[in-house]
Amino acid sequence: MNTNSVMTLTNIHMRFPFGEDWRGRPRGFVHALNGIDLDIPRGKTLGIVGESGCGKSTLAQVLMGIRKPSEGEVTRYFGADHDVQIVFQDPQSSLNARMPVWRVITEPVFAVSKTPKAELRALAAELAAKVGLRPEVLDRYPHEFSGGQRQRIAIARALSSDPDVIVLDEPTSALDISIQAQILNLLKELQAARDLTYIFISHDISVVRYLCDEVAVMYLGQVVEHGASEVVLAAPRHPYTRLLLDSIPTMRATGGLGEALSNTDLPSNRNLPAGCFFKDRCELAGVGCDVRQNMVPTEQAQVRCCQTTAAIPQKVPA
Amino acid sequence: MSDATVSTNPVKRALSRVDWGYLWYQVKKSPLTLGGGAVVLIVLFLVIFAPVFATHDPNAIDLRARLAAPSWDNFFGTDEVGRDLYSRILYGGRQSVAVGFFVVVVAGSIGTFIGVFAGLIGGRVDVVIMRMMDVVLSVPSLVLIMALAAALGPSLINAAIAIALVRIPVYVRISRGQTLLIREMSFVTAAETFKASKLHILRWHILPNILSPVMVQATLDLGSTILLASALSFIGLGAQQPTAEWGAMVATGRNYILDQWWYSAFPGFAILITATAFNLLGDGIRDILDPKQKAR
Amino acid sequence: MSFLNVIRRRLMFLILVLFGVTVITFTISNLIPGDPARMIAGDRATPEIVQNIREALGLDKPLPVQYVRYLEGVVQGDFGTSIRTRRPVLEDLRIFFPATLELALTALLFATALGIPLGVASAVWKDKPIDHFVRVIAVTGISTPAFWLGLLVILLFYGNLGWLPSGGRIDPSLEMPTRVTGFLMIDSLLAGDLQAFGSALKHILLPAFTLGFVHLGVVARQVRGHAGRAAARLYPHRQGQWPQPLQDCLHRGTAQRHDPFDHCAGSRAGRPALRDGVDRNRLRLAWHGRLCGELYSGVGFPSGHGLHRGGLAGLCADQLGG
């Protein structure tokens, strides 16, 4: 229906049972995703931001199709399933130390079809060149490489099945700043050359601002604000987005988003709040906030908040 | 280029992945491991080429030379029917070493198979398998082995089968634990996103990664198996006459211990040397490959 | 709540294990070749007599029925009758078990009295000569065939030196002390019979040394591991290096008299770790004690039928004893 999208998520819920009483019944559920509606724009980069535990990685797994949502639907507008690939945050555990690099890179290919070795090696060499690895690395093993190089290997692997979509789950957060920049530039080049769609999950607002066309802000398993990144990140309309942006300076200092926000805690995702999920932490809370909020389209972005129609200005530091 | 060097044999491939340089560097730092390894090699060499090193036919009876003391003719003396103990010990080593490797290979491969299966399948099957293994492990293994060996009938191969059966749960535990661990690694998650089959994940991710802990355990088991098999032979549940076997020789020699000490002493010493060498090697290899398990 | 759950699970598992053990024991006792009825009747008995015995023992019934009967007996404390000694297994156990336990405990005493100081020493002087020495002792210990070492010490101390006896529990010419605990050394002391005590002690020295030596190194290695971990926990900033006071203590030679953790580190944290290491060993020791005890007490090893259905009883008794 929508030719501008590669995937559409409709009302995605994801619950994990936890605990077991003595009869083996779950004690309750972790509500990781609570109604996600999202269009993934073709050929663009959609950033997903939010603090730790808000469900970003779970969303990535749903997008990858490795987890079936408890509720809701994922519609894909392209053929074979493995046209979505993923790059993980931790380059240490995402590459099997017992495979030579050329095998690692071409795994998405030979995992699903018998391909002659010579072909695989040729493909590996080609991809290695694309991501800036020298051809002689192909016969070495992943543990011989630095974090940045390993992430290049992971990216090469994601490219090997010629995917339409690549999910990048915090691909640079384990890397030094200078290496980060190299990897981000590499991602940009690859996107331009291959018409790739990226879903870029990150803690780091400035990286998102640099790379993403659109951004979706997540809070407690919901998208609370979604729109063009220059709009959302410059003139946020949701109090939570405002809070995220305001916390960047402290984040730089402390090195983590969670810490900056920890003066107010993320509510438990085991028992969901009754009204607006953000109410307990929200400075603007008032009448109307006692009910669940829906996404409200404004001119430039969608916002899940009943109170705001205009951008919230940055608080002037006292 | 290196296509040709990558073997299709999983063991060879795993070995080709071992960082031999690093291993050698570590082994060199540990003289005990080195010594153990050297003695293991010597024992294997002597035992494999027993016909070359033996001075007599191990089963040749010479009643005129009964219970002769060690001499230039019979390095370790002779037994009650005049057989040369030195030659019998060389040949007897074949039994011990063969039992050791048999047990380790059989228990290791069956146990690994079950463990990986349980770990991959999960759910009820896994629970049932692991409870069964727990039951076997909760019965003292020595008693179980003796009972099984007795039930199967006294012979060395039955003793070996009994030991192997009782050792299986150890390998099931190791390989299942490792399988569960690796299944959670994100390279397996990644493989799942490629729509890789369980078989692919098993072949490329699980097996290569569990091989080294299993091999460490196997090396450690070699020494204790050799000891156990000889103990079973000693109490009559293993090798039977006239087979030359160390434990059985110590048992017969017991009748002559006060006057012909060499009869029991040399075969027992052979057990001690061999088991010590294998254990030193196993201990050292574990320390190197599996530092977390150190000194347990 | 969750605590109760844990207990419930444990209990359920224990029942399962016991059930499994009975199945294993029963299966094995039936797998052992030979006909118990024929054994009891003797070689010259007529087929009718054998048949009668078989029926009397219920051996003609199908195996599942036999198993249920066996289980009933076990629940009532009847572990069956040993075909070899023709006494109830429980009675056999009552007779032999104290001897085994006495030997095992003496061996344990020997192994821990030497093993703990050695283990602590090798933890303190890690990778120093003493550590290597303990490692060699440990590996040699677990690699030594106990049955062979036993022969060698008999050869030396009985055959060559004539200092110690070669078998038995006490000099046959002496009167056995009245049975109280079943431990000869304790009973003889209770009876005030120093001569009997001396003889019992002499008789137990060789087997206890043999057994203890085999385990000495294992104890030492385990203590080393636990002590090292305890040190790492107590002094994380030292990365496993020992605190100076402890080293001092050991230098002053107090290690043998005091628990070094108690005395020096002033912490109780190290103690459970030590005890844990020793405890786990105790069980294993008890088992080896059983094997070797039988070897040395001249009973001879019960091969074949001797194992019979005493297996389970033996298991329980040894678990209790260990």
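Of note:
Each chain gets a letter, A, B and C, in the order it is written, and its residues are counted from 1.
Everything below uses one rule, namely that a contact is a pair of C-beta atoms (placed from the backbone, for glycine too) under 8 Å apart; a residue touches a chain by one contact, two chains touch by 3 or more.
Worth saying up front: this structure is predicted, and the values here are computed from it rather than measured.
Closest to the middle of the protein, by Cα centroid, lies chain B.
Among the chain pairings, B-C comes first (most C-beta pairs in contact). Summarising the inter-chain layout, the chain whose CA centre lies farthest from the centre of chain A is C.
Separation between the centroids of chain A and chain B, computed from CA atoms only, is 50 Å. Mean C-alpha positions place chain A and chain C at a centre distance of 59 Å.
Per-chain CA centroids place chain B at a distance of 25 Å from chain C. On the side of chain B, the complex with chain C involves touching residues 32, 131-132, 134-136, 138-140, 142-144, 146-148, 150-154, 223-224, 227, 230-231, 234-237, 247, 250-251, 253-254, 257-258, 261, 264-265, 267-269, 271-272, 275-276, 278-280, 283, 294-296. Residues of chain C touching chain B in their complex: 13, 16-17, 20-21, 24-25, 28-29, 31-33, 132, 135-136, 139-140, 142-149, 151-152, 154-155, 158-159, 221-222, 224-225, 228, 287-288, 290-291, 295, 301, 303-304, 307, 311, 314-315, 318.
Interface residues of chain B, counted against chain A in their complex, comprise 1-3, 6, 14, 17, 185-187, 189-197, 200, 204-205, 208-209.
By the touch criterion stated above, chain A contacts chain B in their complex at residues 64-66, 81-82, 84-86, 88, 90, 93-100, 103, 107-108, 111-112, 117-118, 121, 139, 141, 157, 161.
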